[in-house]
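Two complexes come next, and they have one chain in common, chain A, joined by chain B in the first and chain C in the second.
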Partner chain A sequence: MAVSVRIRRQLPTSPWLFAAPGLLVTGAFVLYPFVSTLVNSFTDRRTLLPGRFVGLANFRELLHDDMFWTGLRNSTLYIAGVVPALVVLPLLLALLVQKNIPGITFFRSAFYTPVVASIVVVGLIWVWLLDERGLVNSLLETIGIGRVGFLSDQWLLLLSAMAVTVWKGLGYYMVIYLAALANVPRELHEAASVDGAGPVRRFFSVTVPAVRSTMVLVAALSSVAAFKVFSEVYLMAGPTGGPAGEDTTLVMLVQRTGTGLTGRVGYASALSVVVFAVTVALMLLVLRADRRDES
Partner chain B sequence: MSALDVRQRVRPEPPGTARREPRVTDEHGRRVRAGELAWRYLLLLAVLALTVGPFLWQLSTSLRGPTEDIYHSPPSFLPARPTLHNYTRVADTIPVWDYALNSLKVATANIVTNCVGSALAGYALARLRFPGRRVTTLVFVLAMLVPVEGIVIAQFTTMRELGLNNTLIGVVLPGAVGAMNVLLMRNAFRGLPYEIEEAAYVDGADVWQRFLRIALPSVKGTLAVVAIFAFMGAWDDFLWPLIVLSDPSKFTLTIGLNYLHGTFADDERLVAAGTVIAVAPLIALFACLQRYFFRGVGEGAVKG
Partner chain C sequence: MVSSAANSPTQQGSRVTVPMPRRALAAAAVALVLPLSACGSGGDEGGSTDASGKVEGDITFQTWNLRANFTPYFDRLIAAFEKKYPGTHVKWIDQPAEGYADKLSADAGGGTLPDVVNVSPDLVAPLAKAGLAMDLDKAAGKYRPEYLDGAWASHQVPGMSGTYAFPWYLNTGPLFYNKALFTEAGLNPGRPPKTYGELFAGALRMASKSGGKVATLANVPTIEDFGRYGVTLMDKQGTAFAFNDTKGVELLTRYKELYDAKALDPQALTATPESSGKKFLTGAVAMNPGSALDLDNFKKNAPSLYRNIGITDQITSTGHVNMYVMGVMVNAHTRHTPAAVAFAHFVTDAQNQMSFAKKVAIFPSTAGSLNDPYFTREDGTDETRVRIAAAKSLKSAVNYTPVLFSDQMKTALRNEVAKALQGRESPKQALDNAVNAADRLLRQG
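So, the complex of A and B:
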């Protein structure tokens, strides 16, 4: 009876009216571009010229493009540099702000501020801090280490950009860990204390196993984000990617190749397909690691 | 809460052990030792200096006059004679208030389209029966998994085909109804008890009335999360506006800042003033609505 009432009060078209705006936007600006990226990757399309089908020519060109390998190297290094720090440091930070001592809500919010700020603002703040004459170098000189060219050396630049990514992400993952820590039963810690385990021992044998699945989640989220890094490196190394373009990341290469009036849409699409493939592979890899750990 | 917790909470203090030090307790109502408290605050202050310090340094730089040495070693943390001179200079160099207005327009539009679009679609997925509902849900899940960075070039050519590149509408459209927001709203609607809506059918309410009068007011919290993340996402976005906007008069704040930095990189006071203008509104918003910011992280992470 209830079902027939429902059907009569609901015109057959109304569910589609409800879903229409969302479906239209998603279809036109996410799914259609996704499909057209795949299609374009097999053409020599340019911004102002319609493309012809060229088979795998773009992908063959990739293999001989030094810039592609530079981009792939930097984006992969970015995962290696950023992910371990973003899995461990926010967990330690969460443990630090977990106890409800006076003023702790202030500290929690303050630690979250870099997450709220635009990546452009964050990038420019650090460009000035790490400048040859900036605050960090002034401090280093004061304590007698001397000035360091953070933004002029190819590798130091990449490392600095990674540090900025970690700095901006700390608060975000801290909040995720806080939610996970709230679910760790206190009895476990107490039992371990009674057995004579110190804080370090309890961290490794109680806390880490209890938040292990959250650590996997953080690893998945941060590795996918790290591989797609664009803004930090673009702002700190400049649009051309630092000395001789050696700090170019894969997404920077996509942006540089595919945009503007002379953009090589076909080739940039082939680069994008590589971004997809690696992103999907990363997610599958992390999920598989998770399942293996559980069994 | 276990019975053990309750017992410990109500257990009276043994007489004669009144402490002179202030009694600080943790979330379980147990006292935190003074030594531990000291090193905790020390660490907290150190992290505070690392996370908030850079913002304050930028603010301090932006307030220094043209004659003050900003490169001095050892550095001085406070401006000798604070001045707003650099802020007027930014406005003379780039149309920074127009850029702020553009950012505000984009962010406001993004809030409206995301709240309306995701509430409607979320309600359809959660409460309405129609053929193709599963496929529709799957479409949104798949869309959520597509990395934006991988499709920006195709989004750019799509915008060109529509004649919308280099317009603020073009900036808004691709993120106008985020797939993740649709799924967040769907879950919020599914979490509501069905009985109230069932009572409303019986009373003769049609689907729009049930949506607007009954379901929507009950998910205000999630809607607020969607609104805040829509605002923050639009205000902070960089890659997409960088690609779609080429006319400097249409720039949003982030693109304007990038331009300012690219052209006047040597003028640190000027760039600092620009960044403070861009970040201040969001920090103010965050200070007022922290609850929703944190809630959004939790909900987003679980679904993402």
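So, the complex of A and C:
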């Protein structure tokens, strides 16, 4: 009886105690940096020098900063190039490896391997492959196409980086789709077959509707990740963001502007706030589209 | 099989959906987008520039990517210092080359900057401006005559009085070239280019003969290239950049001709020193700047190149080659000023610099050291030949990179140079833009 009284007394605080470690970590590494970034965006703070309040000056400056518009363009193009591929291709891959046939585990693991590989290693391998004298160009030259400037042309560089992002992300989203496909009742496919639907018809009329919410989730996650892309482009285009910085993405611009001993922390924070706002807007857009479709 | 409500399929007419919890989706999204960036701040307790007290206490010494190859040297150096000054203890830490400035800024911001720090002039300038680098004219002015004048002055910051680091080692290097590629292009491998005119003419010929497959140069011009070409980089007061003058435009125009003819590697716009070095190793590029250290690399990784290696002087229009200067800075907020200043001086004194120079292809910044027979007497090897030539040129060498030319300014220049090479801007417009951007960054502090 005494024990139960003690338990009852602890109840109001217990949930907070359970949540405390997570809250502390989130507060220290997510909320505090976020608030700090927000505050800094209204100052002219440098890495080593304290800032003073400058109002909206940083935001006004970025409207006239060519690199900001270049970054916004590239990050937006990245979404346009990567998201459709990452919504569709992993689903097809998941359908391929969904069946339990001998040896399929090998293919599942193989498709997932790029996900766990270090992005730096992956990036370097692709740089070697796509170099002017790399394997891909040697093959192209052998078949008479000639060398292609994958790493020297600003658009090809961006496309190459997108290809790496898609290649590396396929396995991850494939696993998400596999989980969703496991929940699709087999009876629906059977019923569709009885009604005379072929594999393509079944895919569009049964599979796609069944995993539509997962597709929305994948679209949301991959668009946020695409908009925040850094590593692939940094590794392939170099720290300056490709020829004349034309492949710079917004997050690369944040990194380049705000780091180092002479970093403009205030301005980089303003850029970060814009990235945040655009990303949240993107999420809301996806969710709204999902809701409209459902209704 | 029973599934949870959240995951159970629902049927709407002919469409089947597996609903996802919207709140979970939104929470996941917020968690993904929130941690975009953050920067810390901090400060140290104040120190003193009075280095006259007893040399004692625990200090920390940070080097820049030296542990991998020189641990025994630094262990002995530290042991000798601790023996000379009982009561001192030096903790040595080393940071990788990549991201060194970021590491310094994190330490400076967090108040954990080591007592004695290996720096270069462009790194010391912002630290001095933030009051984190000790003025050695005040704290250690008596040691000034021990160093070459130019080396001592290399850690002075325009607009500020004082010197903010002891000069440590100097480096410069020759221009390597691939004799086999020269021969294939019909160029005389025994007579490498000595002037910019010869360099550009030879490069165009090389590109033409190889059908654009072999470039002569792998890098776009940097601020030090403009300096070597004789361009005035900055006004005398150090308040504005000036590399958009006629000579600057002339150099960039010549580079544009090279780029169009593929005499400048097509990937030069995104090249790094590492990638350029690799291209030289593989024979894709005929000339590349380097140092005596590279000879070992050629021997091990490209024996056929090593058999065909040619070595010539840096090309300049000024008669002064470019040199890189390393320094040793004392944290202005150190709690042990006498020990920190004494150690920084100990690391950079003539005896220890000489000892270090014999371990690796670097050159001492102390007065008279370059006259040591080690830097003047031939022994018939390539390494010695490069060393002697470099030591000779260092006596009149210049560190062309302005101390105030920050990383952001370097990026601005590089991007504008790239635009000029691609033909998107005229060389004049590109350099005007680069100067404007650099001036704006300079004014912003």
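The criterion applied here is as follows: the second predicted complex is superposed on the first by the 271 of 295 C-alpha atoms of A that agree within 3 Å, B and C clash if a C-alpha of one lies under 4 Å from a C-alpha of the other, contacts with A are read in each partner's own complex, and residues count from 1 in each chain.
Please note the rule applied: contacts are C-beta pairs under 8 Å (C-beta built on N, C-alpha and C of every residue); 3 or more make two chains touch, one makes a residue touch a chain.
Everything quoted here is computed from the prediction, not taken from an experiment.
When the two complexes are overlaid on chain A, chain B and chain C occupy overlapping space and clash. Contacts of A:V54 after superposition on the shared chain: neither chain B nor chain C is touched.
Contacts of A:G263 after superposition on the shared chain: both chain B and chain C are touched.
Set against each other, chain B and chain C touch different numbers of residues in chain A, with B touching more. Judged by the touch definition given at the top, the superposed model places A:L124 against chain B, while chain C stays out of reach. When the shared chain is aligned, chain C comes close enough to touch A:P243, but chain B does not.
Contact with chain B, but none with chain C, is seen for A:S14 once the two complexes are overlaid on the shared chain. In the superposition on chain A, contact is made by A:P33 with both chain B and chain C.
By the document's definition of touching, of the two partners only chain C reaches A:V216; chain B does not. In the superposition on chain A, A:S272 makes contact with both chain B and chain C. Of the two partner chains placed by the overlay, only chain C lies in contact with A:V184; chain B stays clear of it.
It is stretch 258-266 of chain B, out of 24-32, 258-266 or 276-284, that runs into chain C when the two complexes are superposed. 29-34, 36-37, 40, 45, 47, 131, 133, 217, 221, 224, 228, 239, 251, 254, 258-259, 263, 265, 268-269, 272, 275-276, 279 are the residues of chain A that lie in the contact sets of both chain B and chain C, per the superposition on chain A. Touching chain A in their complex are the following residues of chain C: 3, 7-9, 14-20, 22, 25-26, 28-39, 41, 101-102, 104-105, 108-109, 123, 126-127, 129-130, 132, 266-267, 269-272, 282, 284, 406-408, 411, 414-416, 418-419, 422, 424, 441, 444-445. On the side of chain A, the complex with chain B involves touching residues 2, 5-6, 9-12, 14-23, 25-34, 36-37, 40, 45, 47, 93, 96-102, 104, 107, 109-114, 116-121, 124-129, 131, 133-135, 137-139, 141-142, 167, 170-172, 175-176, 179, 186-187, 217, 221, 224, 228, 230-231, 235, 239, 251, 254-255, 258-259, 263, 265, 268-269, 272-273, 275-276, 279.
Interface residues of chain A facing chain C in the complex, by the touch rule stated above, are 29-34, 36-37, 40, 44-50, 131-133, 149, 151-152, 157, 180, 183-185, 188, 205-206, 209-214, 216-217, 220-221, 224-225, 228, 237-240, 242-245, 251, 254, 256-265, 268-269, 272, 275-276, 279-280, 283, 287, 290-291, 294. Chain B contributes residues 2, 4-5, 24-28, 32, 37, 40-41, 43-44, 47-48, 50-52, 54-55, 57-58, 61, 71-75, 113, 116-118, 120-121, 123-125, 128-130, 133, 136, 139-140, 142-143, 146-147, 149-158, 160, 173-174, 176-177, 179, 182, 198, 201-202, 204-208, 211, 232, 235-236, 238-239, 242-243, 253-254, 257-258, 261-262, 268, 271-272, 274-275, 278-279, 282-283, 285-287, 290, 293-294, 297-298, 301, 304 to its touches with chain A in the complex.
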